[in-house]
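Okay, so chain A shows up in both of these, paired with chain B first and chain C after.
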Partner chain A sequence: MEYLSSDKILIVDLTASRTSEDEVNGDLVAERIGGAGLAKSLYEKYESDDPIVLSTGQLTGTLYPASSLGIISARSPRTGKLCHTPFTLTAGIELKYAGFDYVVIKGTSSNPVYLWIHDGVADIADASELWGRDVWNTTDFWRKNLGDDLIQTLVIGPAGETGSDWAQVCLNYWTGGDRFGIGKAFGNKKLKGVALRGMGLLEIADPEGFVDRCLNLLTSLKNGAAAGKQGIGPVCAAMGHPEIQDWLASLVHRHKACYNTPYAANTFVYLDEDPTIRTEPKTDEPGLLITEPYSLIGMHRLGLSAEQACRLLRSCARYGIDPVAVAELSEKAGTKDPKAIEEGFATLSGTPTLPGSGVFSPCTPLQPVFGDFGISGDPSGFHGWWERRQAVAYIFGIDPLFALMSPEITEGNLLELTNVGAELELSQETLDAVIADLME
Partner chain B sequence: MDVYRRYSAYNRLLARGTSLAARHTDRGLEVSPTAEPRAHLRRLTYPRIAVYAGTGTSHSWLWFVELCERMGFYDLCFPDEREVAGGTLRSVDVLLVSGGDTFAVAEALGPRGAQGLEQFIRRGGLYIGSCAGAYLPLRSSKTPLHHFNYVGARITNLTDSLPQPRRMSRKFSTAYGCRFVFHPVREEVRIRTAATAPLRAGRSITAPLYGGPGLTIGDDAEPLAFYEGFTPRTLFLVDEAIARDTLIDRVAALRARLGQGCLVLMGPHLEHPSFPEANGLVADLLFWACSRVEPLQNARESRDAPCLRAGAHTGLLRDLRRELSNSRIVAAGLETIPLHWVIGAKVYEPEKFRVFLDAMWKRVRHLERMGFTAADTGEAEEMIRIGPQVTRLLRRIKTSADCGEDTSAPARDVLTRLHVWSTRFLNTYFRTLSLARGHTRVAFKAQDTGAPGRALETRESLNVRSVV
Partner chain C sequence: MGVKIDALKCVGCMACEMACGYHRDDGFAFLSACIVAYRGREKKDYFGVLLKEEENLVVARPEGLEVKRIGAVEESGGEKKQEDASAKPMLLREPCDLCEQMPYGPMCEKFCPVNAITVE
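Then we have the complex of A and B:
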């Protein structure tokens, strides 16, 4: 794969403590396209080794709007099925620019390790010193010791190390899209996490044609349904929870977008300093980045104040535990005291709801957000539409939340841009087949 | 034809034994095949070139490396001051000295280095100096420059009393004994070539000026180019009127004879990789000076080039790539922090680290494609050993900078190690490139350190052609 690709698959054998490389097979791309579509193929190839596959979509890291997605594909400890969960911000593109489109992690290490993937080099490094540390300490350690604050991390905390079913793979300091307990899968392999950094380049087959089309699409998106909105508050409102925005307002410092995504869906709240003051914070990390809506909605339902809720969310992030599961199970158990909830992380029990078919992480609203996709009826009936929309996002590498906001992003233009940028001849029939295969 | 492809084609022919002759016409340097030498023709030779990378040089010697590679001059070495004093120049035809701290370069070379340099030029060698390399051989009574009094040109930007700087006060001037060299402009300037062989008179070319001299000359030198004007990209560090008075119509490049050899001194960096026309001038001057009607008797010894293949080759490149990546990542992060260091008379910023690292990084891929590395195990081990040292020092700079601590000592250390690392690497790289392209004819032995006891292979051994 010459274009839009690093053309490399990294195979990490944790049992043998060895890495090797493979090329991205053009025939496989023609058949499975990329992202979750191709990751499933790799998963099946190495299934006997219980692999975790990191992947990027064909368009991840390009100028296609919202092309920020990386994907973790693995057997969920919660459902027992192959599932796909997203990682965004700038971690998705960092994987591709670190020199690999796909990473297959197989086997189990005898000692705690982490992967340091950088510029086409993959090191399996000792993580004994890190085992037991929380998510924040681990990310700080990697950034300090490897020497760059821009290193992106996929990391587990004590929840993953101790085998909690609700352990998340966290993204840098924050909880993310992992609703399937993949953090436990990392922990079972004694894999503390993955540090990513790369300064690679992507070649485009028809640079002018590709960039022009991307810019045209971006212009129409900026004038679309999400125009004028920012942050997690409006997303919650679109989901039928307009109260969240006012509830959170006094803590909001700023909003942050994932790579190249024309909607800043992540909201940064300040807990330890005045969020209205726009200067360098006095402490290293005075707040929390909220990256998905369900955790906020869940904490709000517990009757907590915004500050209590966000402090609890921060504790979830440090511990590396799914805050949506924490909120739901605490509500079911009748535990509403934040301190008691936090102290109960290690002993949490129950079966939280996992909407959807269990293929794609239900970290995004199961309905259109802002945009008119021409579907109507009871939102509870949108699941089929949602699954297909997520499948398309996970195949091409598009932010799965933004995919629900933007009817302007169509299967047609995703195929067109991929074909233009990568000199492929992918068809709608191929895409339909890949989606069908993912949904099996 | 693209200037680099043209010279690369000439060098490919020369390195494989084709006879080419050069002559100066009103169109400049013309090169043509020749079956036999004629009285008015000068035969071109494929030169062995030393790019000076010793103490006091900055990063700009890598621009000379880039120029040489683009133009197919692969027979390169990278001596430091010890090697110059120790006689390395006896086996080269050309010495390139780029920018840095002139006094530090002179101090490091010392009287022995100066002696070696003078003998080299008098014997027929070509010295090309830009910026600091241009200041070095100018006649001066200042210690330690007084060891190098080869050219009697006067510096027009030398003063007792500095003008007022408009910007960049840190880089605006340098002490020169009890006086000062000041830099009227930085970035792009326009120069005009003189009617001096092999150049075409009146060509207007742009080149960057980063502290190099304006000159006036006497009878012992001939002008090659004059400062003609400024461009929209010129950055004025003083009032434009002072800049004009100091530079315009002054000599930007000169040539001076010394014994059987000569010196070419350039104020602007004509070797900068973003200025192909200027690079072409350097190549013209180099070819012309290395060509002879009557060959010089300058014998050269054949050289062995041990070779790593298979596992040893792959392992070396994998380890190099790892540490280059680790270092590059930290170095790139440092560029977001407002750091600078004064080392000697030069101001360095973190961006300079990546110039060295990127020079190696982009060439590792080429080595991978070539399938072997012309290095012995000792050289390979040294290259692998230095890498983690550089990475550790860079990380220490990052940590110290985050804590507000002084970072001068590790920064100095990094630059020293980067010089060593890059010279070792480039020696290996160009040796490999020469062998792979069939340019330099050397004997080599293949070693595979992963399989002890295997018989060594040898290729047919040929002496390197004598320089004429």
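Then we have the complex of A and C:
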């Protein structure tokens, strides 16, 4: 793969403590396109070693709007099936620019380790000193000791190390889209996490043709249904929970977008500083970034104040546990005291709901958000539409939440841009076949 | 004519940085962009934009703009203080040329999804 690609697959054998590299096979791209489509092939190739596959889409890290997505594909400890879960913010692009489109992590280490992937180099490093630390301490440790504040991390906390079914792979400091307990899969491999940093270059087959089309698409998106909106509050409102926005409002500091994503879906709240200040806060850890809507909705349903809820969410992030599961299981158990909930992280039990078919993480609303996709009726009937929309996002590397906001992003447009940018001849039939295979 | 940045509107998406990198390298890369999303204080949610001009470094912070003359020595608490080593990667880059030879005009402005960048 010459274009829009690092052309490299990293194979990490944790059992043998060894890494190797493979090229991205052009025939495989023609058949599987990329992202979750190709990651599934890699998963099947190494299935006997229970692999975790990190991947990026063909468009990840380009000027295509919302091309922020990285994907973790692995067997879910919660469902026992192959699943795909997103990593966004800037971690997805950091993987590609670190020099690898795909990373296969197979086997199990005998001692705690982490992967340090940077500028085409991959190291398996000892993590004994980190085992037992929480998510925030671990990311701080890597950024300080590896010497770069912009290192992006996929990291587990105590939940993952101790085998919680609701352990999350967190992004830097924040809980993310992992609703499948992949944090436990990391812990089972004695893998504390992956640190990513890279300054590579992606060549484009037809630079002007590609960028022209990206700009035209962005122009239409800027006039689209999401225009003028920001933050997680409007997303909750679109899901039928308008009360969340007012409930949270007094804590909101700023909103933040994932890489090149026209909607700033992530909301930062301040808990220990005045949210209205614009200067650099005096405290090092004034709040947290909220990256998905379900945790807020769940905490609100517990009857907590917004501040109590956000403090609890911050504790979830440090411990590396899925806050959506925490909220739902606490509600089912009748536990509504935040302190008691936090003290019960280690012994949390029950069976939280997991909407969808278990293939793509249900961290995004199972319905259109803002945008008119020409579907209507009972939202419970939208699941088929949602699964396909997520499949497309996970194949090409598009932010899976933004994919639900933007009818302007069509399958035809994604295929066209991939063909123009990467000199491919992908067809709708190929895309249909990859989606069908992912849904099996 | 120059690039103007409203850091309070900025959502830290780095589209400007990538668009600038494309202008420099005819590919997708961040290394040579003269406009950079400043995002090193993630836990504080303190972010903005840096722009290298011919003679100035523009620091667009949420609380306002600061323009520093490149190479100038600042007096701080009675001590003379030049840019520290961490500024070097930015200072080594080519200055903003307003994308003179691009058909679109300044790429950072065109690709900013929230119109935080204007050209005046």
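Keep in mind that, in the parts below, the second predicted complex is superposed on the first by the 440 of 440 C-alpha atoms of A that agree within 3 Å, B and C clash if a C-alpha of one lies under 4 Å from a C-alpha of the other, contacts with A are read in each partner's own complex, and residues count from 1 in each chain.
Just so we're on the same page, contacts are C-beta pairs under 8 Å (C-beta built on N, C-alpha and C of every residue); 3 or more make two chains touch, one makes a residue touch a chain.
Being a predicted model, the structure only gives us computed values, none of them experimental.
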For this session: Have a look at where A:Gly120 lands relative to chain B and chain C in the superposition and call it first, second, both or neither.
Result: first
Exercise. According to the contact criterion defined above, which of chain B and chain C contacts more residues of chain A?
Worked result: C
For this session: Quick one: classify A:Asp149 as touching chain B (first), chain C (second), both or neither.
Result: both
Exercise. Which of the two partners, first being chain B and second being chain C, lies in contact with A:Met199: first, second, both, or neither?
Worked result: both
Exercise. After superposition on the shared chain, which partner residues are touched by A:Leu38: those of chain B (first), chain C (second), both, or neither?
Worked result: neither
Seminar exercise, completed: Check: chain A residues flagged as touching chain B and also chain C 149-150, 199
For this session: Please give the residue numbers of chain B that touch chain A in the complex, ascending.
Result: 318, 321-322, 325-326, 328-330, 332-333, 391, 394-395, 398-399, 402
For this session: Quick one: which bits of chain A touch chain C in the complex? Just the residue numbers, please.
Result: 4, 61-63, 65, 90, 97, 136, 149-150, 172-173, 199-204, 207, 211, 214-215, 218, 221-222, 230, 253-264, 268, 270, 278-281, 284-287, 289
For this session: Please name which positions on chain C make contact with chain A in the complex.
Result: 8, 11-15, 18-19, 22, 25-31, 39-47, 62-63, 104, 110-111, 113-115
Seminar exercise, completed: Per the touch rule, the chain A residues reaching chain B in their complex are 118-121, 123, 144-151, 197, 199
